[in-house]
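The same chain A turns up in both complexes below, where it pairs with chain B and then with chain C.
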Partner chain A sequence: METKYISQGGMAQWFESIIASGKRVYAPVNSRGQVDFKLVKNLSEVADDYIQTTQSIKASVYPKAEVLFTYEKDHGKVNLSDFDPETIPETVLWKVHPCDAAGFKPLSAIFNWDSADKLHNAHLVKTSVISFSCAKADQSCFCTSVNGSPGNTAGSDIQLTVLPDGGAIAEILTPKGEALVALLPPVFEAERGDKKEQYLVDLPARFSLEEVNAKLNKAFNSTVWKEQSERCIGCGACAFVCPTCACFDIQEDVHGSKGRRIRCWDACGFALFTLHTSGHNPREHQSQRWRQRILHKFSYMPDRLSVVGCTGCGRCSRACPVDMNILEHITSIAKQ
Partner chain B sequence: MKKLRDRVAALLDEGAVSLVIGYEEGTKRPRPLFCRNSESSGKLIFDSRCFHNLAVYVTKKELVGKERFAVTAPISTLRSILQLYVENQLSEEKLLVLTVDLNGELREFVTFEEISAYVAQFEMKRGEREQEILSKIEGMTREERWKFWMGEMSHCFKCYACRSACPLCYCTKCVVEVNRPQWINPWPSPISNMEWHVNRAMHMVGRCTACGACGDACPVGIPIDLITRKMMEDLAPEFGYIPGQPAKQGNALSSWKLDDREQFIR
Partner chain C sequence: MSEKNTYLPYLMTIDKVIKEAPGVKTYRLKFQDESEAAAFDFQAGQFGEYSAFGEGESTFCIASSPTRKGYIECTFRDTGRVTSGMASLEEGSTMGFRGPYGNVFPLDEWKGKNLVFIAGGIALPPMRCVIWNALDLRENFKDITIIYGAKSVNDLVYKEELKEWADRPDVRMVTTVDPGGQTADWTGEVGFVPTIVETVAPSAENTIAIVCGPPIMIKFTFPVLEKLGFTDSQVYTTLENRMKCGVGKCGRCNVGKLYICKDGPVFSKAELNFIPAEEY
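Here is the complex of A and B:
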């Protein structure tokens, strides 16, 4: 790892050279009153002055709907056309927050827990992450409680920490990061001894993961699930804005003798998610589905995949129509 | 506020109701509260910030149980309760409705007739936001409107928060959950998103009371509440409705008459 300094002007030139290299660049854009990741061509399109994008960057490596394969029946034969990883373009994610970059690890842990997921991995290979450390946070943020921090570099190829002069400390973290630097090496100057910590938001931890995990190990039959989930209306807003939620559905899109098999986002909060063909639903009530959401992130994933399924980005709390605040709920479980 | 809390505590202590659905302070704004004992009634609040439509909970059987319960209802919730009553989803024996009127007085409605008389005092008006967006849309050509809505719908990722937040979406099996046949493709795409929203809108025609809960719930900021609101406004003069009040002769798209003056229906 190498640390450099890049000036504001240098950053603009570097951005132009990334675009000129032909890579797709996704960055936060403010439109319709919301900030979200969109394809950009100019640095001027990139949003400033916001806490968090409404949606996470998850869709870049786990699209909302993706074709697994296509098929065509032809005189008793089936011609199958598999997903081709080469169709995925080189992609750069610009101005990702550390809580989003940290989401790649839990997401990949799910997609690769038994067999390697060709699609997800193809996206990952082609994706480079330029994260920006956080100088601001709001009351929904809690990365420091879930192994993260406003300057966490996990999942990033380069992390920039913006300085008062508009320039930035550039931490070049991986070979992918080095390749991006190589697009325009002269703008990366010798570091000036700036202290990164000085420019990060102070966000004290709100709970201890070990404590939560220990409580959850004995909480399966607790009344807490019913109490907390009474107001939950069972939509999928929390899951769809989450950087680590990976529930999916597999669907057929058939037209005559041709078809496509599609993987699309789903949510464990939906009643339909666990409904069996027989009509039996092992998670019949919203409280059981809420329990699944929390246990999966804070108990099952740490136990089985050695990674916590939450990065503390706070998006679910911001998106929830009925204020199911995850920080509040987890803190109350930790204190029980 | 004290009157409301005291009354709720008394109702629960006396056993007149087993549950009171109301509002408490939340982390961002007031949120739903479920009082099952008089102690929790101390958290109750009721003011102009309490606009989440609590009628969404009154048809959830696992939540309200079999005994009599109460709900504290601002005007939007009262309108939805009346519509649910007209649709035979509620009974007077089971539901007690409380509100705080404009003079700050606590009101109790035992019958739906009383709610109806109370609601009739309030004229349904567009707010500033509704007026701003709707007048823009009303000034568009048909092609421009289609473009506008296709653009908005392209942001939909089918979390169904609009459906979940709507008090009138009480079906235990929604059209999007019917998969034999699969009427609407479950994955988000421009056309399947539009299919979902057109379906939702058509199921709401003549029923929507324009509470705005669907638009408020949408995490990606689609003003979907304005579609059903506009339909409510447009239908009212044609079918003799009063906007925001239930159609006493039945809902526009789910009732018909033998002596209808239109030929196509016969």
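Here is the complex of A and C:
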């Protein structure tokens, strides 16, 4: 890893050189008050004053709906056309928060734990992540409780920490990061001895993961699930904004003799998620589905994949229409 | 990148259609690509994702025995979008298949033991695979008993094979239908599977019981076996939950922290004791 200094003007020139290289660039854009990652061409389009994008950056490596393969039916025969990884363009994600970048690891753990997922990996290979450390947080943020921090570099190729003069400390973390620096090396100046920690928001941890994990091991039959989920309407918003939720459905899209098989985001909060054709539903009640959500993230994933399925981004709490707050719920489980 | 696309199915031709019961059919499927056919292998207990192109995929066990080479069979009931799409296909049509997935019945560990197969309704197919596998290697096992029940005489699947098993001197075959499901000429038992098991099951000594049926049948049969002296490690079952991927990623078939698609579908009762029964 190498640390450099980049001035505000240098950053603008470097951004232009990334665009000029032909890579597509996604960055947070403020569209009538809602900030989300969009395709951008100019640095001036990038949003400035916000805590968190509504959606995570997950869709860049795991699209909301992605064609697994296409086929054509021809007089009882079927011809298949496989997904082609070459169709994925080189992509740069600009101004990703550390909690989003940290989400790549649990996502990849799910997609690759037992067999490689060709589609997800095709996106990962083509994607470079430029994260910005966090100088601000709100009451929903809790990255420091789930192995993260406002300056966590996990999942990033380069991390920038913006300084009062508008320039930034640039941590060049991976070969992909070096390749981005190589687009315009002169703007990366010798570091000036700036202390990164000084520019990060102070966010004390709210619970201990180990403690939560230990409690959850014995909590399957607890009454806490029903108590916490009584107001849950099963809308799935929490899963759709989550940077690590990976559960999916596979759907068929047919037009005449041509068809596509498509992988689409799904959510364990939906009543139909586990419904058998017979009518039997192993997770019939919302409380069972809420339990699955929490146990999967904070017990099953740590135990089986050695990753926690939460990066503390707080989006599920911000998005919930009935004000369920994961931080409060997890904290109360830890205290039980 | 040379990674294989897990979701791309093998293309299969429907080689044979057998009507089993009202709404229930068995398809024999052959690989269209000879090199795929040659490379394909599976073991008793495994399952796959079967596609009707235009409708989607459904999860079924492989109902034929791995000792019968060159094809796989699946038995399904016409109930949803995919199965009704499958049911409308004819011999010679193309289907898709992904698999084999999941773990297997430990037939090697069962050498020298008695086997009792207990199945209910449409759950005979996963059992049929292991029954034929055991019968094709008959010398490896001692007494073999098959107890099979369905709602009514009409609902019994594999009727020809039930006769074949009943006629074999080396198999004890007990067939039952639920009370009210019998016909005038019915010569089998009348009663629910757990009740019949209690009266006809062999001694637990040196015996493995394999139970396969709707969740309710499994839940009532286990205590009967326990009463008969079967320990938890002598009892096996195969579970099914709704699945999409079959390979431990889509997130819906888990029972506690175990995935039915990866850690199952075959579980010993000893293993089931560590997972929550309400999730299957």
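The criterion applied here is as follows: the second predicted complex is superposed on the first by the 334 of 336 C-alpha atoms of A that agree within 3 Å, B and C clash if a C-alpha of one lies under 4 Å from a C-alpha of the other, contacts with A are read in each partner's own complex, and residues count from 1 in each chain.
Here is the rule we use: contacts are C-beta pairs under 8 Å (C-beta built on N, C-alpha and C of every residue); 3 or more make two chains touch, one makes a residue touch a chain.
Given the structure is predicted, the values throughout are model-derived calculations rather than measurements.
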Exercise. Touch check for A:323: first (chain B), second (chain C), both, or neither?
Worked result: first
Exercise. By residue count, is chain A touched more by chain B or by chain C?
Worked result: C
For this session: Would you check which partner chain A:32 touches, where first means chain B only, second means chain C only, and both and neither mean what they say?
Result: first
Exercise. Is A:71 touching the first partner chain B, the second partner chain C, both, or neither of them?
Worked result: second
For this session: Figure out whether A:194 sits in contact with chain B (first) or chain C (second), or with both, or with neither.
Result: neither
For this session: Give one of first, second, both or neither to describe whether A:16 is in contact with chain B, with chain C, with both, or with none.
Result: neither
For this session: Using the touch definition from the top, say if A:178 reaches chain B (first), chain C (second), both or neither.
Result: neither
Problem set entry | Contacts of A:249 with chain B and chain C, given as first, second, both or neither | both
Exercise. Can you list the residues of chain A that touch chain B in one structure and chain C in the other?
Worked result: 249, 251
Exercise. Quick one: in the complex, what on chain C touches chain A?
Worked result: 1, 3-9, 11, 51, 53-57, 79-80, 83, 92-94, 96, 214-215, 240-242, 244-245, 247-257, 262, 276, 278-280
Seminar exercise, completed: Seen from chain B, its contact residues with chain A in the complex are 26-29, 31-34, 52, 56-57, 62-63, 152, 155, 157-161, 163-165, 177, 182, 185-189, 213, 216-217, 219-221
For this session: Over in the complex, which chain A residues touch chain C? Could you list them?
Result: 68-69, 71, 73, 76-78, 80, 82-83, 85, 110-111, 113-119, 121-122, 125, 220-221, 246-252, 254, 259, 261, 263, 266, 268, 273-278, 280, 282-283, 288, 292, 295-296, 299-300, 303-304
Exercise. For the complex, which residues does chain A have touching chain B?
Worked result: 32-34, 36, 54-55, 64-65, 139-140, 230-231, 233-237, 239-241, 249, 251, 253, 262, 264-265, 267, 270, 272, 285-286, 317, 319, 321-323, 325, 328
